[in-house]
Amino acid sequence: MSDTSTVNTESAFKDQKQKMAISARNINVVYATPTGDIPAVRDVDIDLPKGSITGIIGESGSGKSTLIMAIMNAVTKPGKITSGSVILNGENDILQLSSEKQRKIRGKEIGFVFQAAQNSLNPLRRIGQQILDLGRAHEVNDLRELIKYAKRLLIRLGLDADRVLASYQHELSGGMRQRVGIMFSLVLNANIVFLDESTTALDMLSQASVLEIIRELQKEKNLTIAFVSHDIGVIADLSERIEIFYAGEIVEEGKTSEVLASPKHPYTKGLIKAIPKISGDIDAAEPLKGSSPDYRTFKQKGCLFYDRCPIRTNSCQDSRPELNITNRDHKVACFRVGANDRD
Amino acid sequence: MKNFLIRLVWRIFSGILMVLVIASLTFFLIRLMPGDPVSAQYNQLIMQGMTPVQAENQVKVMYGFIPDEPVGEQFVNYIWGLLHFDFGQSISYEGIGVSHIILNAAPWTLILVFTGLIASFLVGVLAGVISAIKRSSPTGTILTVSGSLLHGVPQFVMGLLLAYLFTTLWPILPFGAPYDSSINPGFNGPFISSLISHAVLPVVTYALSSYGGWLLTMKSSVITVLGDDFILASEIRGLKSSTIIGYIARNAILPLFTLFTLSIGFMFGGSVFIENIFDYPGLGNLLLKSIDTRDYPLMSGAFLLITIAVIAANIITDFLYTFVDPRIRR
Amino acid sequence: MIEIKNLQKFFQIKAKFSNHKTVHAVRNVNLAIPSGGALCLIGESGCGKTTIGRMLCGMENPSSGSIIIDGQDISKLKRGARAKLLQKVQLIHQDPYQALNPTHTIEQMMKATLKKMAKQKKKDADWIRQRMDELLKLVGLDPETILFKYPHMLSGGQRQRVIIARALTVEPEMLIADEVVSMIDVSLRLGILKLLRYLRERHNISILFITHDIASARYLGNDTELYVVYKGMVIERGRTERVIRSPQHPYTQALLSAMPILKGIEKPGKDRFVITSQFRQSEEEPRGCLFADRCPFKQSICDEKRPELVHKDDAYHACFFPKVRQVAAESI
Amino acid sequence: MTTPGTAKSVHTFTPKSYNGASFWKAAWRSITRKTSRIIGFAIIVLFTLMAIFGPYLYSSHLPINTNAIYAPISWKYPLGTDFEGTSNLALIITGARYVLLAAALGALFTVIFGTVLGLIAGYFVGWSDSIIMRITDFFLTIPSFPLLVVLSTVWNFGHPLAMGFILGITSWGGMARAVRSQTLSLRERGFVEAARGLGLSPFHILFREILPNVSSYIGMNLLTSITGCIYAEVGLFFLGVVPFHVNNWGVMLNMAVFSAGAMSSPDALPYLLSPLLALLLLTLGIVLFLDAVDEMFNPRLREDV
């Protein structure tokens, strides 16, 4: 990092803090396994600007879901957060708060929508009862109003509100369960919403309508949304900013259209070439070499993309590339790119 | 609600059918006896100088049927008798109806079995939850190891050990007989206290020998529910920990129902031993005595009542399950 | 090589005492796949495309209609001959984690069928080993590092290739690929699609490709056919590029519009539209067009009569008011 | 077995074809991995040797020593003596054969009936399934021990095979139901359908594809049903409903409790406790050895060792 750039980022950093709904700094998560600790997320800095949609793209096993769990301080055993800070709306650091204060923030300030396939609701209680549980947990005094609001949201999401409130989770289809999940994340007026692979298990048409609803709600309520998926199409369509995740690290980030139009990191380039697309010449497409990262690749010293990288040099194996700016806010972590291309 | 009742009727019907099948099996079982005892008894009476008519009535009284009647006819009025809850005449207890005897014995078995079942259920579930929550700590491992070891020990070994410990080495508990013969039975203080003090050892034997099963099942089911997505989802939605524990408890209790049905048969099976060791006049003991005296009607009567109790208990637990788990209720 | 004539399949859902509900899973589908050709069935889950695939390889029996392999109708053959013929059609499952026996090594799996084939062809153990190495190399795997491994030690992509190699041991003439790439990492999907294309062009094996993702269907080659299936009925059919660039049926257009747009690489088709109404498994059988309750261009006749699949220049569609709309995304 | 995934193996690598041998080598490795399993294995071996060679160690009629009745535990009588002065240890060792042989046969019958019927009911769904399931439900509702007691009046339990057969007949229900449910779920799995598609015979599918996936459950069940059979037969002898042909632990218990009045006199304790001790020790051995069995049959666990 040349020193001139650090001076002006200091002042920029201060007013930037107000604009950021969430700014997380050097998040590290480690999974303890019998064969030693595996770093699932390493030195990740991520900012979610207020009122914007940020897409986090990464293949299965890249640690993207672990990252947002870490931001929510909800990493389950055997994983544990070894370092990092998460500043919410520029004030307090969630990770240091007492568990009671943290509980109050979850659901009230930050909504979370799970994968459609997962059962994120108690199978033995009706949906309506679980909304009341949520209301009681956050000291909502007028529970009747809460149910009315939930009904308005469900109708907005295209569901028959009364029937859904009275039914159990197993009586709902995948698409309906997903919309109920979205309702749960918004019913307490949270203005930050995390969506974890929320459309993967849905059909094409219901996926399109769920994305449409998310766009409308985001504009209307000026929500800050972080959308995690392995499907670059959904991310590219929905989000303004994109963070590309590989083997526990962010390798490239920036404005979505800019990053996709002129990708810098070899992984991003390879990913865009490898995705089956509805447009473009089918013979030009090439799959990525090698296999997706597993616990052995995390232990390598140098750049983790080394064994699949078409433009690698042996200097790439000595140390880990840092995320640095190529132009304005488009960052990439690769030795062979832009200003610091060594050879 | 409609097909709920249909299922209920269907289950009761198949239960009755099962009982009748077992009854006919025991009926033919007696026929398999090496050297059919009925005609042996008949001939013996003839030798004692009785006229054939007297001998026949005597045998009819003793075995509840006439030896040279065609088997089919005997079978029919045996089953017909059964439907009227008439199990025929006992041999060893001269002239007293079998149904009368087994109905006297049944309460003892039911008291012991169900108190034992409930005791082992409560202890086992509690220990299971604790060992699940503290599974990495020493208390967790001790509970689990003790559970699996005790689960391996059979009822009669447990009964003998406890009987030996608490009656011979430290004679603090009475041994044998349901209550002190000196006290006249009735609804008074001393009788009830002696009743309880006598019942402690058998109930503890039942509890200790089966609480391991509850412990292990409860522990594994709590652990699976803890790992379930909706528990993590509830935490992330900021639900109160008390609500979440309520969620865990209700979901974790489900697999115990299937274990409940299995353990009923196991408990009644054990009654044969425990009533014998502690000399309780229950169905199990009755079954044993009837075998010693070759009193076949009493034997099949006792065996049948035990099976009826097991089937009834299974049906009841089946329906309790539909109330707990809405997914079945459709 | 394989042909279906108005194939029908309906399931009776028997509730114990209440009335029976019949679900029309497949409604007289006709298709023909030349040897070495590729045909893609596109549709949402529950539209019957998998049932069609399972009937073609004999896993399920059709309620009516006929399946003709190499000119013989399989329903008229005796069990032995029918089984022999059906071995020419092998089904590749969607989930590579389920389709391999966890207790067998890759070698054991391959040898299970190769021993049978060797007996038929009177060949010895060397032929088996040589054939095994050849097939594993053909699907892009190195026999040396894989033969002694168990399935849980392989990645999703490797497992799918082993499954294809195992299917090739019985020398099939056709592979039915049912959602074979949906469980594979996005960056590696193309590898499997290219393998299928290679098998088509080099080994004359025809492919029936079943998927919900139209984009992946394009990569099986330029000469592939596309059938769009909705509630068990083929509602549009034609060459893949033509159906994508100028679709005529509103449902095909809705599917193409629903594809997410890669900002910076693609721009949305000018007539793109999104329908928000939910897919509802309707209780009773609709009289008119199956898509009527969700079609934005519906008119009164659509509720009365059901359009049949009609021929229009080189494509087929089942709609009273077909209109070509540019809905698919184009590269910038 | 080279560790998986070492791409850079130096010597030219001829893939080792999977043969039975390496199964036992891996099985031995999974046993010796934990000391608790070694202890369990040692106990089981001890009892098996006792069953096979026990009767040859002593003369057919054990020496009676009237002036050593209820002798305390000593070097001469490691487990004390019974009411006739014969050493309890000798009684235990000679009595082991009948008990263990009958239990082994009983467990074998249970496993064979349970597995075969479970596989058939699970795989060939339809009328065969409903019939087998009705029979299983029938056996499962009857409390097995009272049934045994009733059967004891009809069946003569002289030879361990007879006892084993009856024990097997009455206890295969649970096993059949569990194997059936596993077969039903495996049947839907892709690899069974693929095997059918490849034209492999139902025999191959049942015994080469499905059985290995169920074998870890069968192995564990074999052991647990051995303990079950031992307790059932010792219980039968203890209750005295079965005529005493040959000496075994159940007979010792019965004599100790009912005829020798060991419950009331403390010095008869060794005579009462020695059979109980033998039973508990064998259970401990089997319980400890149980988790090694799961690992032996499950390649997923075995490979990561």
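When the chains are written out, they are named A, B, C and D in that same order, and each has its own residue count from 1.
Please note the rule applied: a contact is a pair of C-beta atoms (placed from the backbone, for glycine too) under 8 Å apart; a residue touches a chain by one contact, two chains touch by 3 or more.
Quick caveat, the model's predicted, so the values are computed rather than measured.
Here the chain-to-chain distance from subunit A to subunit D, counted in touching steps, is 2. When the C-beta contacts at C-D and at A-C are tallied, the pair with the greater total is A-C. Between subunit C and subunit D the centroid-to-centroid distance comes to 49 Å (mean Cα coordinates, whole Å).
Rounded to whole angstrom, the centroid-to-centroid distance between subunit A and subunit C, based on C-alpha atoms, equals 33 Å. Taking each chain's centre as the average of its CA atoms, subunit A and subunit B sit 57 Å apart.
For subunit B, the set of residues that touch two or more other chains is empty. In subunit A, there is no position where the chain touches two or more neighbouring chains simultaneously. Contacts from subunit B toward subunit A in the complex involve residues 228-230, 232-240, 243, 247, 250-251, 324-327.
Of all residues in subunit A, those touching subunit C in their complex are 59-60, 158-159, 175-176, 203-209, 211-213, 230-234, 236-238, 256-261, 270-272, 274-280, 282, 285-288, 291-292, 294.
Residue ranges of subunit D in contact with subunit B, taken from their complex: 138, 140-147, 149-154, 174, 227, 231, 234-235, 238-239, 241, 253, 257, 263-266, 269, 272, 276, 279-280, 283-284, 286-287.
Within the complex formed with subunit B, the residues of subunit A that make contact are 72, 74, 76, 103-108, 112, 114, 118-125, 133-134, 136-138, 168, 170, 184. Per the touch definition, subunit D reaches subunit C in the complex via residues 1, 4-5, 7, 13, 15-18, 189-191, 193-200, 204, 208-209, 212-213, 215, 299-300, 303.
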